[in-house]
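Order of writing sets the labels: A, B, C, D and E. Residues in every chain begin at 1.
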Amino acid sequence: GSEEDTENESSGNTSADNNEEQESESSSDESSEPENEELEGSVVIDGSGTVYPLMSVLAEEYMLNVQQGVSVEVSRSGTSAGFEKFLVENGTDFNDASRLIKEEEKAKAEELGIDVKELKLALDGLTIVINPENTYATELTEQQVIDIFLGEYTTWSDINPDWPNEEIQTYGPNENHGTYEFFYENILEEQDLVESANLQQNYSTLVTLVAEDPNAIGFFGFGYYDNNKDKVRAVKIDFGEGPVEPSLDTIAEDGPYANFTRPVFTYLNTVMAKEKPQVLDYAIWVMENVNDFAGEAGFAPIPEEEAEQLANDLKELK
Amino acid sequence: MTTNSESNQNTVPVREMIEEKKKSRNLSSVTEKLVPTILFLFAMISILTTIGIIWTLFSETVEFFKRVSMTEFFTGTELNPLSQNPDFGILPLLNGTIMSSVIAMLVAGPIGIMAAIYLSEYASDRVRRVLKPMLEVLAGVPTIVYGFFAFTFVTPIIRSIWPEVGATNILSPGIVMGIMIIPMIASLSEDAMSSVPNSIREGAFALGATRLESTFKVVIPAALSGIIASFILGISRAIGETMIVTIASGSSKNFTFDLTQSMQTMTAYIVEVAGGEAPAGSTIYFSLYAVAMTLFVFTLIMNLLARYVSRKFREEY
Amino acid sequence: MKYLDLKQVQKRLNTRIVKNNILQYIFLLATIFGLIVLAILIFRVFTQGIGFINLDFLTGRLSTDANRAGIMGAILGTFWLMVVVIPITLIIGIGTALYLELYQKNGRIQSFIQTNISNLAGVPSIVYGILGLTIFVRALDFGNIVLAGGLTLSLLVLPIVIVASQEAIRAVPQHLNEASYGMGATKWQTIRRIILPAALPGMLTGSILALSRAIGETAPLTVIGIPALIIPFPEGIFDKFTALPMQIYYWTLDSSLVDEYANLAAATIIVLLLLLFILNSVAILIRNKFQQRY
Amino acid sequence: MSLSTVQESITKESPKAAENIVFDTRDLNLWYGETHALKNINLAIKERDITAIIGPSGCGKSTYLKTLNRMVEMIPTVRTSGDIKYNGKSILNKGFKVEDLRTRVGMVFQKPNPFPKSVYENVAYGPKIHGIRNKKILDEIVEKSLRDAFIWEEVKDRLKENAYGLSGGQQQRLCIARTLAIEPDVILMDEPTSALDPISTLKVEELVQDLKQDYSIIIVTHNMQQAARISDRTAFFLNGEVVEFDDTETLFSNPTDQRTEDYITGRFG
Amino acid sequence: MSLSTVQESITKESPKAAENIVFDTRDLNLWYGETHALKNINLAIKERDITAIIGPSGCGKSTYLKTLNRMVEMIPTVRTSGDIKYNGKSILNKGFKVEDLRTRVGMVFQKPNPFPKSVYENVAYGPKIHGIRNKKILDEIVEKSLRDAFIWEEVKDRLKENAYGLSGGQQQRLCIARTLAIEPDVILMDEPTSALDPISTLKVEELVQDLKQDYSIIIVTHNMQQAARISDRTAFFLNGEVVEFDDTETLFSNPTDQRTEDYITGRFG
């Protein structure tokens, strides 16, 4: 309660008098204090919907407490559609991506003379979920998960004779999502999903479907599980060293859940960054603060050194 | 201006005044010539819109058909755009579109026309003035709201009656789409029926006709062109509806006539691809335009057909 | 010679009257059916969202924090969209209708334009989104500003306004035109003084339906690309923006991430419905004041 | 409308309130909103008579006629008081079946109002709603009615064409034919010949006199000659009141009221 | 329409083709699509005369009248051949300004067709579209026109009310007033009294005879008495042809054509 109240107050105050106070609060003060400049203009960000929750929290914090004169617009057309808007003349300043930039995209950037800087933001853990009524399949091995989604098992009793003789229903986000791509490429190693898999475009639909079907098993990003713990149950995965429950702690780069973990990025157009001080300032601020906000958005932080390194790289662009 | 004496019949020399004014009426003759030109330009905007749509869709569609054969596209019953061996058959989408529209019209057609009859022929002026705008509110509810209404309210109700129905299915969004379209059909049909002159109704009543008989045998035939027009707009709306189906029917690309199943419409496919991760220049990206083009041609053919029908039944009074 | 057997007629009459009375109630039920659904829908939305409507919510800025989020930006975005859509659709829509009904004598050209319009009325909104993206956002390089969105929505609802205006013009009795021409009135005078006043109520009906649609439309805006997070308020038609339905769309989509977003969406729906209600009431008042049976 | 709620129905066999009286109007008052259009009307209209109603424009002739088959109810602001008995039954009762009344009491309007259908369908409409489906009988009814309205020759080759292609006079005669097709007891005519040429008018007048044998006819007319020529009894309306009601001969030759005399001699207004 | 494209305009000073002839019709033919509605009409209508047109229903009277101010063009299927000269100028020319013609040639229609506006606005409509804006002058014109149409007394207290509240007869007299308000040269009247009661009819007839001093009047009527009473010359139409055109007295007392005689004696049809 009281924390919120103070936040509300500070959001209500946008006058210049408050600047000192806010800057001392903000963790970016070390870098921006010497210049103490008032920036204005806009920062345009598009790209992955998976990264959006994190990026939007960062953008809002920056606008409210760091640079009130700057407008950071965050869109979410998807990684690839975002790159299309990014890799054109006068394109977007950042593109969020739930995957690495592709070769074609790199080539296009070179052709346009856009120097692209890759910024790793956070880590997302792919979470396997089941219906809360399902009290037996709470622990599975990595291979069992793979086999379920490849259609090797049709009923639960195929996995374990003690489990009910009911048909397994598989769910997941559809091909449009980076999450699917990761699951398909990195976990299933490019083997086709079972024909009957119910793949959805919409996460709300997906959560509801799993929550309603007692024989459901599905996969999606940790953030979606984190917010729906009352509706779905996460499966502990055994990667060979005992079952691991996905959590912000286990989804670390070298953590026990690493096999099901992927990084998410944002790509910066450094040409823009050099032209527009607010873009660069924002980029630096993001890398200095991203780890403070990752958890709030359902992501695990990247190693502190890596973030610092990236921030320092950016400062050299000045 | 001088007023003549009472005895003179011409207290106001109107004719002279008109002659006088006529000389200064060159301006109005300019207006007369200018107005049609301006209005013509306005009318051209709709032509330009069509050209714009066709041009936009066509160039990318051509690209698509360089990669996927027309035969496969139009006769394929499989649509797996992202799998390793992608299939690009549009039939599942066509099927989903037709199924949802038919369900919607089965709901909206009868209910809409009955509501129109009530409002135009039975309701008193007062009641009509209250009910009609209330009904029109239905048309203004954003479709995204209907989508979640279908998914979280209507589907569970249907499933409690008919357990075989899936959590995502075509029936529920079809019904909700129908509800959304009711006011469009009711309102426009009511307008058409209201503009049938009262003297014609009186003629029927004077012969001992009940309201029902005057409505079905005189008013509806006389207003038929307007009623059909309202149906066309309703169907078009159903075919083009995006959000409701996207949310409540899921995104399975099933080719089936089973109402209980999840299906995808052409519009939902476009949303899925447009908002997705398909890189520009890929086949799936171009398939978006091919589907949009099909959707466009589909509505074109249907409208031409409906226009033909409506002209055939047009009555003059 | 008697063809009508009075006894038969009498007997049939009872069934006819009963039929009429029964169907009257069925028709009433049909009318009310829609309203019942509407009531349920509104009830659900209200119970979910009404608690979140307060001054801070209405006047506040957008935020990712559900407790702080406000929708003034979206309200202003919708407002500026209407500033673009209303004049454009009314002027072009009524103009086109007048041209088709009263000026274009060549049946072929008339029927060509007419076919084109009724087809445009059936083109799905998502296709207009693709058009708006290609023409206004990219080719004319407006970017995703209010003007681009407004023009796209205008094109989308234009056919509805045209068709409704045409119907209204056609419903003006021919003998009124004759009377006017008989007085030596020119065509434009007849249109301005006789046809437009008589047809205006009908035109308004169509325009209300059209504008309601434009205000609640989501699909084309998603294609044009509206930022999911944009905090500054739009101050004119050249600013970037978000609109009420977009905000509802984003919040409903993200409700699986933050539960409270569903409530915010419900609250925003209430605001949107209220807005539509006010708009419709004003227009319907105007319409009822002038409606006339000849 | 202030109507009692007793459910009643008329049959030809019902006892009549007064011998030979088909319409008995007692203290009828009618208002259009604020306008008091009919004031204390008392009229007893005899069966198998031709009753003419004359009077200056706006005096309430059409209104009275439309009250007799309750068409006046179509205007929502109308209120009535008093009573009208048709064959002894009060027709202003709410429970009274207007459809029945209107089948018995046909009406021809001042402005022609054909349906936007073919000539044939216009005439066949009445018989059809009353249950006649047989194509042959319908054909017969249509032909007979059109002949009786003296329009058969003009339209017999265009029965399938839309009635709106006919001239005003043709349309009006079609409307008369349409009414004849349901063979009513009483025919109300509101200036039925005002859109007809003298030839057609004469024919219709002849027809009206012909029909008198089987029907009671009430005719509103501006043409005093017409009233004098064809009617048995004439009512003179003025400002919503009945000034005089008498045998046509008496009324025209020997009016008791000064206003009637002024009117029929054209001195009035 | 087969019209030459010579641009012409009429002014009062233009020399007349024939002395005193206001409308000179030569070999006029008119078709509604396939229907040949007017056949070889030749008529010379004199200035400051009252010309009556009589004939049975559907014979083309209204059509001819509407050709004189080119209102007939409103029906798209209409084709004409031949020529009509108004004050010596061919009016069927495409370049001819119909608005001018219609300002000079006023028209009163068969069915009353007031605008859905107030009584005042109905009468003021003509002067307004011709550029008269002065409120005082408009008031004068409205009052005078309504007086001339003998309706002033009935409507003077409801000038602001909608004209649709008036009775049929009142509406028609309002339409006459509306035409008088622009003081045309010629007034075309298509059965203007068919919806009027005898009193109003007599008044309008008087008015017509009054107006004759300044205007040429062409009146279509079914009422032969009326034609005989008020007109100077009468044309008898039959099946789209002019059977006879002569001084009214001659035509009624001594018709040359057998068909005319049959018609006026009522033997015909």
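Just a few scattered comments:
We take it that contacts are C-beta pairs under 8 Å (C-beta built on N, C-alpha and C of every residue); 3 or more make two chains touch, one makes a residue touch a chain.
Computed from a predicted model, the values in this text were never measured in an experiment.
Steps from chain A to chain D, minimised over paths through touching chains, total 2. With contact taken as defined at the outset, chain C and chain D are each touched by B, E.
Centroid distances from chain D, each centroid being the mean of CA atoms, peak for A. The chain with its C-alpha centre at the largest distance from the centre of chain E is A. Which two chains touch most often is answered by the contact tally, and the pair is B-C. One finds 47 Å separating the Cα centroids of chain B and chain E. If you average the Cα atoms of chain A and of chain B, the two centres end up 40 Å apart. Once the centre of each chain is set as its mean CA position, chain D and chain E turn out to be 31 Å apart. Centre-to-centre separation between chain A and chain E, using Cα means, comes to 84 Å.
The residues of chain A that reach two or more other chains are 77, 202, 204, listed in rising order. Shown for chain D are the residues in touch with two or more other chains, namely 99-100, 103, 111, 129-130, 182.
For chain C, residues that reach two or more other chains under the stated contact definition are 13, 16-17, 186, 189, 252, 294.
Of all possible chain pairings, those that touch are A-B, A-C, B-C, B-D, B-E, C-D, C-E, D-E. Against chain C, the residues of chain B that register as touching in their complex are 28, 31-32, 35-36, 38-40, 42-43, 45-47, 49-50, 52-53, 56-57, 110-111, 114-115, 117-119, 122-123, 129, 131-146, 148-149, 153, 179, 182-184, 186-188, 191-192, 194-195, 197-198, 208, 210-213, 226, 229, 232-233, 235-236, 239-243, 266-267, 270-271, 274-275, 289, 292, 295-296, 299-300, 302-304, 306-307. Within the complex, the chain C residues that touch chain B are 13, 16-17, 19-20, 23-24, 26-28, 30-31, 33-35, 37-38, 40-41, 44-45, 91-92, 95-96, 98-100, 103-104, 113-128, 130-131, 134-135, 155, 158-160, 162-164, 167, 171, 186-189, 202, 205, 208-209, 212-213, 215-219, 222-223, 245, 248-249, 252, 269, 272-273, 276-277, 280-281, 284, 288, 293-294. Taken together, the chain A residues at the contact with chain B in this complex read 49, 77-81, 83-84, 102, 104-105, 174-178, 181, 190, 192, 198-202, 204-205, 208-209, 212-213. The touching residues of chain B, counted against chain D in their complex, run 124-125, 197-210, 213, 217-218, 221-222, 315-317. Residues 100, 103, 127, 130-132, 134, 137, 140-141, 144, 181-183, 214 of chain E are the ones touching chain B in the complex.
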